[in-house]
Amino acid sequence: MAVDSAKLIDIIKAIADKITENREYLTELDSAIGDADHGINMSKGFKVVVERISGMEGKDCGTILKTVGMALVSTVGGASGPLYGTAFMRAGQAVDGKNQLNFEDLILLMEAALEGIKYRGKAGRGEKTIVDALEPAVEALKLHREKGFEAALKEAVEAAKRGMEDTKNIMAKKGRASYLGERSLGHQDPGATSCYLMIETMALQLLGDKKA
Amino acid sequence: MAVDSAKLIDIIKAIADKITENREYLTELDSAIGDADHGINMSKGFKVVVERISGMEGKDCGTILKTVGMALVSTVGGASGPLYGTAFMRAGQAVDGKNQLNFEDLILLMEAALEGIKYRGKAGRGEKTIVDALEPAVEALKLHREKGFEAALKEAVEAAKRGMEDTKNIMAKKGRASYLGERSLGHQDPGATSCYLMIETMALQLLGDKKA
Amino acid sequence: MKKLINNPELVVEEMLEGMVRAFPQYVRKLEGYNVIVRVDAPVKGKVALVSGGGSGHEPSHAGYVGKGMLDAGVAGSVFTSPTPDQIFEAIKAVDGGAGVLLIIKNYTGDVMNFEMAADMARAEGIDVESVIVNDDVAVENSTYTVGRRGIAGTVFVHKIAGAKAQAGGTLEEVKAVAEKVIKNVRSMGMALTPCIVPAAGKPTFEIGEDEMEIGMGIHGEPGTMRTKIKKADEIVNHLMEKILADLPLEDGAEVAVMVNGLGGTPLMELFILNRRVNQILEEKGIKVYRTYVGEFMTSLEMAGASITLLKLDDELKSLLDAPADTPAFKQL
Amino acid sequence: MKKLINNPELVVEEMLEGMVRAFPQYVRKLEGYNVIVRVDAPVKGKVALVSGGGSGHEPSHAGYVGKGMLDAGVAGSVFTSPTPDQIFEAIKAVDGGAGVLLIIKNYTGDVMNFEMAADMARAEGIDVESVIVNDDVAVENSTYTVGRRGIAGTVFVHKIAGAKAQAGGTLEEVKAVAEKVIKNVRSMGMALTPCIVPAAGKPTFEIGEDEMEIGMGIHGEPGTMRTKIKKADEIVNHLMEKILADLPLEDGAEVAVMVNGLGGTPLMELFILNRRVNQILEEKGIKVYRTYVGEFMTSLEMAGASITLLKLDDELKSLLDAPADTPAFKQL
């Protein structure tokens, strides 16, 4: 695996497309247990992300990721803006100055993203948040490191998906859904869902690359 | 024809019943070209009328009619309160002190009621108001005076009905419906309708009396 | 019918009780009558202002009872003019010896009931005058109507005549300035949804999911035109065109603006309307002296709005600027 | 979607423009940011108050910018917390050298965004403190939640902390009194209908023609319970029971009351609610010091209401009584 700045930009653009395609779906999920804006907020943010990173092929990967983070922080608002914003900014710091990312870099930046979200949101696993999709994915990446990046990445996507689906069975303890108590049961968390969609898209981009 | 105070009270109570039965219908008519309250206003007023005249059998007919008028003025509000209130008060003044009313008294009090409405509302025939039902009825009573009270009364009811129905074909020039301009065409006037219902009820009561 | 009420027949009584309990420092209720008066009524030597009409237009009119505006607000049933005896009681309660001005919205019922009350009061020796507000340009004033309706512009009459009375104006002077306001104020409204009169229990009219009614009255009376919903700016363009056609304003003229919500429309939308009102006036070189945005003359929960322009001169400006302290209209 | 708007994506911008055009004597907008500040900001030597949150709660918060209340109101997208850079700009624009207090409603997003802004401002040497308002008793405060939500009680924080700052209080003093208000204020709301976020174009939730949602949040978040609509008095009984269970008031205690409409509910109904609120307090021997009835913290066009009680002591009473002059909250 080797991702240069141009490829990184492609991946982020693909994530932006995916989020935009799922604008209604994410909002729908948020309307059940939140305030019905997650898809709106995220797609608004990624629209600006795409504007800001277009033409940044000449910059290093760290700068690009930090730009994504800044764009999300300054446009999304709500809970997901600072959370995903911090995640991307931390990811960028983790790979600062690099023009090319390898598998180890990917692990580094994903770990940094997870830490950023946990720092900002103070949520742990099992509280029905983004963490429930992201943490299993990061763990899977590390656990299956030796199998090579392709296999590990597939495991990570699977883990994120299971984590996302499992949010249906847990009561929210963080974020707006926590106000619902037991009424949050049975509903899949919007943030965990957007997180899964991002990981899945990234993987498809990277695996497609490998196969090609 | 001879109506004593007890019979007069019965007639008024029958009118009150009729208005209450037609509460929704009159309101419906008012919703098309007014503010959807004519039936509500009138039935509220006649409820108080019935309370006030109950037990007034010992009083003269003029006093009873004036009591009806006062009750309507002080409870109905809107346009119909002062109009019908004035009508009944004037009718009462026209037969002041009488314990028994004959056909000539009926004509007198109906004329006085019409004058009262025209004085208060300044409407003439053909402006889509109460006048369009009441004036033809009063004219018919007088025109057919010689045929006897029964025949004349039937003519009056017919005339009121035609007048009421004709309001469909005229544009309102008085009251709330006048704001509608041509859009008031095709709709029957609520006030003309309540007026017809009162005249019809009175006639049924008087004719029933005669036949019995 | 989704309403926070107890009994449709008692909404007016319970509302007034809730109002007096909220604002005892401003108002009290006349025992046995749906009449709200200044807590310090009658104010000796001051011309007293009495207004009123059907209920359902809150905060009109009782919300404007207080220093610098009304002395009494008379509340009829929902959308139904109050009765003469109520109005008569209000007049007696607030007359401080300097006479009473009745501010009447131009509806057949209101005019008749207030006139009957004025006759009753004059018969008792009280000096009573009245003015009739007819600011709604939706309906053309022609020999075929009873004149234009009175809507939100009425609040400017309360404010300015109230300031004149508070400043010690005579009945004649207060009436004259009220008439000046009436001559210079124009309004027009529109609605997106109907409202439900509690005693009726169903909407005053039906309207499609994509339709609006232009020129809507404040009692659910049909307007002048029904069309597809348009953008806020286009709606304002239309209303302003009608208003400005009726109230010609030379370049440099000064106006007060009121953007009034009918009850169900959020403040956000009223501000969006005001943006366009202000743009249009700017384009025409008309100066906005003061703007009021909010709910002043409502129609229960109806969604919609009206726009009012009042052409100002120096006298009207200084009276508009005067302080007022009432439950629903405060100016420092 | 029946709304008086032009473009769902531009509602916040156009609203703020309409607001500034309406009230140039009170407020101005920061170029390039959805931030409304006092026209005379920064006020030298005065502690500055900054609040904000998602839009759709008008007149909160920009409507409270003015003398005796806020120095800046930061407007996020509809129902979405503003971003740190916006808040940071607001802080910089109003800091008059005496420090800045951020008044934050307790939502995860708001807390995170305001905290990030505070960090940015502190990095520039500005003295920033914050308080978090959590008055909504609908959701029990337990280890399983992020604490209670902030709703209409926030307006009392604006009023009282604003008065303290206007009177020359230090940042520490202003923060202390804001925290005293937060400790003593409780609210709870309910809704009859949902609202439509313009960018979403459809209702935030579905609810039956005969149902209501108790404990509803101000962003269309589900409440604690859905039941058949009850009479106004029964609804008030329930809300007051919850509030009083959380804010024990001894006989003779004094409170301020706020009956707040969520946007679509007419004033008439709010007064009917206040009648019962007042009866209950009277029965319990609790004295009502001041009552506010109207729209203070709305949820677009949602029909419904919230009740807020603030327990008062002498300090809070005198600050509550202080004059305020803002577009949406005036007190003489």
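To keep things simple, chains are lettered A, B, C and D as they appear, and every chain counts its residues starting from 1.
Just so it is clear, contacts are C-beta pairs under 8 Å (C-beta built on N, C-alpha and C of every residue); 3 or more make two chains touch, one makes a residue touch a chain.
The structure presented is a predicted model; accordingly, all values stated were derived computationally and were not measured.
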item: Where subunit C and subunit D overlap in contact partners, by chain label; value: none
item: Inter-centroid spacing, subunit D versus subunit B (mean Cα positions, whole Å); value: 55
item: Centroid spacing, where centroids are CA-atom means, of subunit A and subunit B in whole angstrom; value: 76
item: Whole-Å separation of chain centres (CA-atom averages), subunit A against subunit D; value: 33
item: Chain-level touch network, classified as line, ring, star, complete or other; value: line
item: Pairs of chains, among all present, that meet the touch criterion; value: A-D, B-C, C-D
item: Subunit A partner contacts - residues on subunit D that touch it in the complex; value: 54, 76-86, 107-109, 112-113, 116, 138-140, 143-146, 149, 197, 199-200, 204-205, 217, 219-222, 224
item: Contact footprint of subunit D on subunit C as seen in their complex; value: 2-7, 11, 14-19, 21-23, 55-56, 58-59, 63, 192-193, 209, 212, 229, 231-233, 235, 257, 259, 263-276, 278, 288, 291-295, 298, 300-301, 303-305, 323, 325, 327-328, 330-332
item: Residues of subunit B that touch subunit C when the two form their complex; value: 27, 31, 33-37, 40-41, 44, 73-83, 120-121, 171, 173-176, 178-181, 183
